Amino acid sequence: MVHLTSPAFKENAARALADPGLQKALARTKPQFHGKRAKAVAGLPEFEQLRNIGRDIKNHTLANLDHYLEVYAANVEKAGGVVHWCSTADEARAVVLEICRQAGAKTVTKGKSMISEELGINDHLEAHGITPVETDLGEYILQLRKEPPSHIIGPAFHLNREDWEQSFRESHTDLDPKRVFTERRDILTEARTKLRSRFLAADVGITGANFLIAETGSSVIVTNEGNGDLTQTLPKVHIALASIEKVVPTLEDATSLLRLLARSATGQDFSVYTTFSTGIRRQGDLDGPEQYHVVLIDNGRSNMIGTDFQEMLRCIRCAACMNHCPVYGATGGHAYGWVYPGPMGSVLTPTLVGVDKAGHLPNASTFCGRCESVCPVKIPLPKLMRHWREREFERHLTPGTIRTNLRLWAWFAKRPAAYRAVTRMGIGALGLLGRGKGAFKWLPFAEGWTRGRDLPAPEPGGTFMARYAKARRQGR
Amino acid sequence: MLQTRPRVALFVTCLVDLYRPTVGFAAIKLLEAAGCQVEVPEAQTCCGQPAYNSGDRTTARDLARNVIDTFLPYDYTVVPSGSCGGQISHHYPGLFDDSDPHYRGRAEALAAKTHELVSFLTDVMGMQEVAARYDGVVAYHDSCSGLRELGIREQPRKLLGSVQGLTLKELVDRDVCCGFGGTFCVKYPDISVRMVSDKAKDVVETGADTLLAGDMGCLLNMAGRLKREGAPVKVRHVAEVLADMTQDAAPIGEPK
Amino acid sequence: MSKDAILGAIRRGLKRGPLPADQAAMLNGRIASHPRHLIPARSRIPRAEQIALFIKNVEKEFGTVQRIPDLAGVPEAVTDYLAAQNLPARIVMAPHPELESIDWTARPLLARETRRAQEGDLVSLQHAWAGVAETGTLFFPSDPVRPATLNLLPETEIVLLRASAIVGAYEEAWDRLRAERKDPMTGGWMPRNLMLVTGPSRSADIEQTLELGAHGPRRLHILLVEDEAAPREMSRAEARAQATAQPGTPAAPGD
C-alpha cells in the first residue's frame, strides 16, 4: 500500500527539488505533455464543446448514480458476472482475497489501476501468500523497486533509463549480467519476455476500469501496451476493480468521454486498446475468463455527493491537470505523499484520507488555474482546493502564525484610516531601510521570500494614496 | 468611444499603493487619455484576496462589503491588476450566498462593471493605440488570473504594438505561472523559487531587456529572482510603458 | 449489506429516497434510446473520403494498410507481407468463415493453423468486424470465430477488413452492433469482449519515448478488401458464424 506521507509535503518537496535524477526526468517530461495534448486538441475543433458534454454526462450520472449502478449491476449479472458492493477498502481487499483463494490462485497478474493502489491490494495478497505481478511496464519496474507510482497514467515517469537498466540487472538475475542495453527497445523486450510467462501462468487477472456502462454491464479499460487485455483474457478469473463514480449510462455517453480521455491524457486521438468486458466466456468461445467479478468500491465517494466536492467525482483520471501543473512539474508526484498527485490529488486526497493529514496539498497551489483550463470534464480544481482551505480555516487547522497575521492585517484593512496610517509608516520605514538599494537580499519576517529572490524595495516617495492626496491638495 | 465621459473609480490595489505608486498615476493618465473622468475613492483598502485564498471567507466577505459600498456608485471600477480585478469581477458574487441576497445583488452589479486596466482601455473604451515611446526589446508575461479568469491576452500586446521603438518578444510556455501565488510564495518558498527560476530563465532566453506584466505580485516575484541572478533585465508594470511614464520611476528593484 | 449502505449513502447525499417510478422509467428510456451526443465533423464526409481517412489514421498510429481487390487476393498478400518482414511463412488464423472460405491452395508453403493464439505464435490473421474512420480504429467483437487472443499474443497481427465495414464514427458502429449481433447469454448484443484497436501495441513508460510492441503486437497490418461496390450488410458467412454461437447448436468447423 502507498504509505501516506502527505503531512510531510514540504519536506518531500524540498527533497524532490534537490534530486537531480528526478529533476532531469521532470524536465524531459513536461514539454512533451503540453505539446502532445495541445496538438491533439487542435486536431479536433469540437473539443471545447465536448468538454461541456463530458461535464454534463457526468453530472447527469451523478445525480442519478443509485439508479445507474443498479441497472449496471443487473446487466453484469445477466452476463454471468458477479458484482461485489464494497463500502470500504477493507471489504474490497477481503473480497479480492476470497475470490483468489476460491480460484486456488498462486499468482495474479494486474493491469494498472489506481484504485488498486488506493486499496493496497498487492500488500494484502502478498501477506496471504499470493503473488501479485504488475504488468504495466511502468508499474512493473515500480514493483521491482518497491516504489509507489508518481503519476496516474505514467507511473514511472520519474525514472531515467539508467534506473531501468539497474533495476532489471538486479531483479532478472537469471539473465546474463554482462548483457548490454543498447536501446530503450532492449529494456522493453526484456520486460516483455519476463512478463509473458507470468501472463500465461496467472490464475487470476485484476484490472481497473475507466468506465462502467449501465446499458450493457460492461467494464472498459483503456491501455496502450495490451497488458490489461492479456490480464483479463488469459486467466480463468477476471476481477475488475472500480469505484462507484465510474459508471455512465450508455455507450454513446462513454464514447464522448473516450474522445476526451486519450487526447487529454497522452495526446493520442484514441488509445491503442479500448476494451469492453461483459461477463464470462460464452459457449463456443475459444478464450476469455470463466469467472467475471466486479468489485464496486465506495471507499468515501458517496460522502462527497451533495457536498462542494461532488464535482470531483466527474474526474476521468486523464492526468491533464498534473501534466499542466507547475507545482507538480517542480516536485513530481511522490511529494504529494499518497496515491493521487497533482491538482486532482490535492482535492481528492483530503476527502479520502482526511484534511488533517493532507492539509498541505490544497494549499500548495498558486491557483494559476491551468489545471481547470485543461480538465476534460471542467472540474473547477482551484475552487475545490479553496473549499478545502475554508474547511481547514473553520476547523482551525490553518497554522497559527498565518491566522494571527491574517487577523492583524484584516483588522487594519477593515479600517481605511488606520490602514492608511500604518501602511504609510511601514512603507516609510521600508523605504528608509532600502534607500539607495532598490532591493533587499534579506529582510526579517520575509525569509521565505528572500531565500531565493531579492525583495524589491518600494518606490521612494510614499504610498500612492498619500502621494495622490498630496497632489490633490496641491491642486494637481 | 463612449459619448459622455464615464466616471471611473480606480481601485489602486495594495501592492501598487505600497510598492509602485507610479502604476496608479500611469493608470489615471491612461484612463484620462481614453476619455474617462477618474476618481480614487478614499475608503479603499484591500480587495480581500489574501483572506479569500486562505480560506477565511468571513474576513473576505467583510472586506468585499467595504469595496462594494465604496465602488458601486461609479460607472466603472478599473483595477491595474488581473488578480485583484478578477477577485471583484469573478469571486465577489460567490461570497454572498442566498442568505444575503442584498449583497449578492450588489456584488453582481459591481462585478459586471469592474475591469482590469488594459482590457478596459481596449475593450470598453475602444483604445487602439497609445502615445508612448520605449526603446527596448520587451517580453510580456501573462498573469494567470488575467489570462484565464479574464481572458486578457491580446489586449496588452495590441497596445504595446503601438509604442514607438518597442519590440515585443514572446516567452516560451507563456501560459505558465511565475510561482507568485499570493501567500503561496512564502508558504512554499522552495517550490515558488523553482517556478520563478524557470520563468526567469525563459525571460533571459528571449533576449529581452525589459519584462512587463499587468500584475504587481508577479512583477515583484520575477524582478526579485532576476535581481538575485544578476540578470540585466528591467522589470516594469505594463501601464508605465503604455503611459510613457518610465522616466518617473526606476525599474522595479533598481535603485533610483 | 454494503449494497444498501452505498445506495443509501448516495441517496442521502442527493437528499432523496429511491427514484420514483416515473423518473426511473425516464432514465431507462434514456438508456433504451441511447441518444448520441456531438459527433465530430471530421468523419461526416463522403464514403471514399471516409475510407481514405481510415487509412490515414491507421498509418498515423503506425499501422499499415494494403488494399486488395477481393478475398482471393489474401493468400498472396499474406505471404508477400511475411516475406517482406522476413517472417516465417506460418500463421495462426481465426476460424472465421470468411477466412476459411478463401482458397489457400495456391500458397502451399504457407503453414496455417485455425485456432486461438498460443505462446510462440509469431503471426496471426484476424478478422475485423468494422473499422472506424474517425481514428483508424478496428472493432473486434469476440465470438467463437474471432478469439481475442489473436489480437494479443503474436508479435505481428494481420487483419482482414472489408472496406464496406468502415464507418465514420464510433456511434455508427454501435448502431450496427445493436442491429446485427445477438449475444447468446444475455439476449442483448454486446459480446463478452469487444476490443477497439488503434495501431500496434506501444509504451512510452521508459523516458516517455514511444516504443512499439510492448505486450501486444508490434506490427498491425490491415488487408483492406475493396468491396465498396456492394452495400454493406452482414455477410452470409457472418450470419452463419453467429448462428453457431447460439446455445445448443453445434459448433462451427474449426472451433
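Every chain is named by a letter (A, B and C) in the order it is written, and numbering of its residues begins at 1.
By our rule, a contact is a pair of C-beta atoms (placed from the backbone, for glycine too) under 8 Å apart; a residue touches a chain by one contact, two chains touch by 3 or more.
Values in this document were obtained by computation on a predicted structure and should not be read as measured data.
If you sketch which chains touch which, the chains link end to end in a single open path, with no loop closing it.
Look at the CA centroids: the one farthest from the centroid of chain B belongs to C.
Centrality by Cα centroid goes to chain A. Chain centres here are Cα means. That of chain B falls 55 Å from that of chain C. Chain C has its Cα centroid 31 Å from the Cα centroid of chain A. Contact with two or more other chains is made by no residue of chain B. Only residues 25, 28-29, 32, 44-46, 49-50, 53, 57, 63-71, 73, 75, 78-80, 85-87, 91, 135-138, 141, 154-157, 159-161, 164, 184-185, 187-188, 192, 195-196, 199-200, 214-218, 224-227, 229-230, 233-234, 244, 249-253, 255-256, 258-259, 266, 268-288, 296, 298, 302-307, 310 of chain A touch chain C when the two sit together in their complex. Those residues of chain A that touch chain B in the complex are listed here as 10, 13-14, 17, 34, 326-327, 330-331, 363-370, 372-373, 386, 388-394, 398, 402, 406-407, 409-410, 412-414, 416, 419, 423, 426-427, 436-439, 441, 446, 448-449, 451-465, 467-469. Put simply, chain B touches chain A in their complex at residues 12, 16-25, 40, 42-46, 48, 50-57, 59, 62-63, 66, 144-145, 148-149, 173, 175-177, 179-198, 220-221, 223-225, 227-228, 249-250, 252-256. By the touch criterion given at the top, residues 1-3, 5-7, 9-15, 18-19, 24, 27-28, 30-31, 34-38, 40-42, 57, 60-61, 95, 115-116, 119, 134-135, 137, 142-144, 147-149, 151-153, 170-171, 174, 183-188, 190-209, 211, 213-217, 244-245, 247, 251-252, 255 of chain C touch chain A in their complex.
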